[in-house]
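For reference, the structure is listed below as structure tokens.
Every chain is named by a letter (A, B, C and D) in the order it is written, and numbering of its residues begins at 1.
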Amino acid sequence: MPIRKDSKDRYVEVELRRGEEPLWMRCGACGELVFRRRLRENNYICPRCGAYFFLTAQERIAALVDPDTFQELTLPLESDDPLKFSDRKPYADRLREARESTELSDAVVVGRGKIGGHEVVLAVMDFRFIGGSMGVVVGEQLAHAMEQAAEARIPFVLVVASGGARVQEGVLSLLQMAKTVAARGRLARAGVPYIAVLTYPSTGGVMASIASLADVTLAEQGALIGFAGPRVIQQTTGERLPPGFQRARYALEHGLVDGVVSREGLREELIQVLDVLSGVPHGG
Amino acid sequence: MPIRKDSKDRYVEVELRRGEEPLWMRCGACGELVFRRRLRENNYICPRCGAYFFLTAQERIAALVDPDTFQELTLPLESDDPLKFSDRKPYADRLREARESTELSDAVVVGRGKIGGHEVVLAVMDFRFIGGSMGVVVGEQLAHAMEQAAEARIPFVLVVASGGARVQEGVLSLLQMAKTVAARGRLARAGVPYIAVLTYPSTGGVMASIASLADVTLAEQGALIGFAGPRVIQQTTGERLPPGFQRARYALEHGLVDGVVSREGLREELIQVLDVLSGVPHGG
Amino acid sequence: MADERTIRALEEKVAELRRLVEEEGVDLQEELALLEERLQKLQREYYQSLSDWDRVRLARHPERPRGLKLVSQVCDAFYELRGDRMGGDDLALRGGLARLGGQPVGVLFHHRGSTPEEQRACRSGMALPCGYRKAVRIMRVVERLRLPLLTFIDTPGAYPGVQAEEENIAGAIADCIATMLELAVPTVAVILGEGGSGGAIALAAADRVLMLENATYTVISPEGAAAILWKDAAAAPQAAQALGLSAPRLLELGVADEVIPEPLGGAHVDPEGTAQAVREAVLRHLGELQQLPLDERLKLRYSRYRNAGNLGTKAKTG
Amino acid sequence: MADERTIRALEEKVAELRRLVEEEGVDLQEELALLEERLQKLQREYYQSLSDWDRVRLARHPERPRGLKLVSQVCDAFYELRGDRMGGDDLALRGGLARLGGQPVGVLFHHRGSTPEEQRACRSGMALPCGYRKAVRIMRVVERLRLPLLTFIDTPGAYPGVQAEEENIAGAIADCIATMLELAVPTVAVILGEGGSGGAIALAAADRVLMLENATYTVISPEGAAAILWKDAAAAPQAAQALGLSAPRLLELGVADEVIPEPLGGAHVDPEGTAQAVREAVLRHLGELQQLPLDERLKLRYSRYRNAGNLGTKAKTG
């Protein structure tokens, strides 16, 4: 699913990274062909122009947690296609394809690990899985992750990469907004910190629920942050969109996030936050 | 203390209504000489042009409560002039003069009465007393009134007519903001309704504390509602003030109040609010 | 089977005939009764087999009872509270204090407007951040005063606009959901017309969720789904069906607790009756909730939303 | 008695003399020691008899330690949180998470800026509604995470502007006071420079209120009082005296709990030392508060504000 190119904010069209990945990848921003290993070593940032490529959940986790500390806690769940939804293609087929190409059960990976020595429960969304959309499985995984964090009394870190609710699961996916917010309420009552990292994209129903309710909210450089998509806004209102609209820096200027952080600096930034909060939550 | 004329919003310059009042009063808006009894019967609204004259606390009370139901609860307190303040004239003299001309101990009258058959605790500020400013006595009276309402479990109605904090009592008057807000917190925890009526003027420290924290907030037509005075704003920022700025209707359009009510309609409006809230707070 | 237009035409003819018979005194009572019976059967057949797209159209019907007028009929008295206390007052999302069954309650509802000017002023029920912030403010008032909260939902969705985004419409909706879920007072939501995505669930995270028979509740409009998934705006009727947005379907799925029946032809045929039916249902659910101890009520609410949608998951196969 | 300028000149001369003596090795140690002693006496006399107007000028001194820099020195680490989540981020009122004495705390402070551009961007510490709303948001974070809250006050007052009024600056201040008073966590406020009216008390409704020796806390600026009451801007020094805005006076009145001493000449003479003194005082008060059981701490806070100013009332005489 290619996303729109924006040289200034450095998000670029990329080939869907499916199954066997090519040895070389072309940067959509500058056209450079980059050796894949080199790209990975560079946090999937184009070494020529600095554009960001999408990260898979596993790549994101590898970039954030201390080596060999991640322990996956993703529940062994799949969507049961509750509406037996079909558009031009059955949802069941889309699910199967997404599972095969990503080797994920759905659009989020949950686990426990350390960041700069601090224990955290980490949930990372994966945009490759049907646009990182939140359906019943993602909702359940996130609620479960927050419960784990509340129980273990260690901070919860959520990395958002989601276009919103999973359309193919209808109102059941809409309800995941309330579900994740309810679980966040429990986490808050337990006094456990919740840090959200918004990446490209953080929009729709995910942004209008769990992703907006963190104690500390960081935006990765170039992240798209909002509720309605730019096209919907233009079609409904005919408004001209201001430059930088809904991008990370714009969000910061409008008071929507606590900071904008480069991909290279994200781990260090999280360590700073965890350092300052060290000892929180207070004992049992 | 004459206030600025605004024919549209119908607040007019008036003679300070001191001591022995004349049989006739001149309307500052249209110049009409009105027989005082006629003015009183008309809620102190000019029968020719509809301009509002200031109301004293007693007149406001008479206009709002059911006949023969008001029982004054104002504490027998006076300002002790804690700073021994003196500008061109000693504060002690100003206090004495204000007490003599208004026959009030300070700028608020507190009592219990019925409005449309509903028991309320009522606090009414009086602009004649040093601009209705909130010093240590006003703060104490308001806190006391809220405690009475919380204890008796009947709604609290506050009619604001105040330019802000009492300068001559320094930080002690500033602290009345925190004091009244603290007392309002207790009232809220008791589940007792609090209705504020903002009249000309409702500004400064009173507006930045107790007057902004009601469950239901009504503005009398033409009321001036804000924090900083128009002159301060112009001097500090050089901004041009938009028409109607800080007036009741402007406040409504900017989401600051629940409704704008004519002086004639105010009692009926309060009865509507009290009717709909009848039974609140719920038993003991 | 008859379509909507044929049924409307038949209804008119039969009404004319009855008037004629009654005015002229012709003895055709028996024939007329048979005819009416036949008509009713047709109506029942038609309205009981409504497609989801038919319901979408009924939910959007310009004469459908809704907004301020309906809420005023459902409640015995309504006192509107206005403003978010931060610079705005949204006419698309409104609320205040009301009385119902002899007790004070808080209400929140979408308002779409009836005249074109009013519709413009309230953007046909698409609320702004200041609307959701007003809703949160009113929730805090009802919480302080220990009033049950009733919400009436009827919106195509939150307003998609530049300023709405700048003022954090997403966060405003999230706060609305969070505040509503944390209220100690009982909450009942009624979906009256369109329950459009985030703009709807902002007011729908309640202890009980009721739907009028032809109301819809959906994650995306059928047109939106058609455009995105079918790449074809004409696929909206299919999308409507696929989305499972109808009241009966959502009752099956456990999303709605009760479907409030509408008269044959839709709520607009009998606005008074519709208001009465809504009132009766709300009072009944409120009564049940008020019987429950606080702890249990909050536990039930939490587990309702904590477990929402779990019927749509299954153990991993791979 | 010497004035500020004479003392400054003397200080310089003595310093030059000492340098000369040390560099040239001239044996004037004894004479120099006497001279220095005399100078210190003059300094003490001068700075211990500062008029309130002198203190106003010291509180506003362009080199006075304040804002982000001072807070960063007082705390061991500071992580800034930004934005009100509603459309704005105020640079005049800032805050975030910090560490102090080995524990995490929340902090809020005014920032006035040092360069002219920065001063323009943060309006010399006059906060907007979005600043007070950010403060409320951060208060909710510290409440959730059970962190003590420290506030550092230094503002001429809230910003008086058209948009600020439209966005309800008054209500934003009121909400700030109300939220701060209801926090379950311990709260310590330090008035660093100017504590200007509503804009200051918004952050000062704390369990403990400390003042730097030359900080001021007042219901209105001396200039404002002079203009309104004396009808003469030149009366500001008299007004300063009359308003009782100095730390020693407010300690007497029970408004401040402690006066944190400044070096002779004012805090700007030794910013590091000032930060250390503030840190020490805050840690001590925080330690005392953390010893108290929650109930008692909240009872003390309530009675502190419920009874505030009662020493200024007396039984009615008439």
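Here is the rule we use: contacts are C-beta pairs under 8 Å (C-beta built on N, C-alpha and C of every residue); 3 or more make two chains touch, one makes a residue touch a chain.
Keep in mind the model is a prediction, meaning the values are calculated, not measured.
In summary, the chains found to touch both subunit B and subunit C are D.
Among the other chains, C has the CA centre that is most remote from the centre of subunit D.
For the pairs A-D and B-D, the count of C-beta pairs in contact is higher at B-D. Subunit A and subunit B have centres, each the mean of its CA atoms, that are 53 Å apart.
The centroid of the Cα atoms in subunit A and the matching centroid in subunit D are 42 Å apart. A straight line joining the Cα centres of subunit B and subunit D is 33 Å long.
Residue positions 85-87, 166-168, 171 of subunit C are each in touch with at least two other chains.
For subunit A, residues touching at least two other chains, in rising order: 212, 254-256. A list of each chain pair in contact follows: A-C, A-D, B-C, B-D, C-D. Those residues of subunit C lying in contact with subunit B across their complex are 77-89, 96-99, 103-104, 130, 134, 141, 144-147.
Those residues of subunit B lying in contact with subunit C across their complex are 188, 191, 193, 212, 215-216, 252-259, 272-273, 275-282.
The residues of subunit D lying in touch with subunit C in their complex are 85-87, 129, 133, 166-168, 171-172. Remark: subunit A residues 76-83, 85-88, 99, 105, 135-137, 139-140, 143, 165-179, 181-186, 203-205, 207-213, 226-229, 232-233, 236-237, 239, 241-242, 245-246, 254-256 touch subunit C in the complex. Contact residues of subunit D toward subunit B in the complex are 158-162, 164-171, 173-175, 177-178, 181-182, 197-198, 200-202, 204-205, 217-220, 224-225, 228-231, 235, 238-239, 242-245, 250, 253, 255, 302, 305-318.
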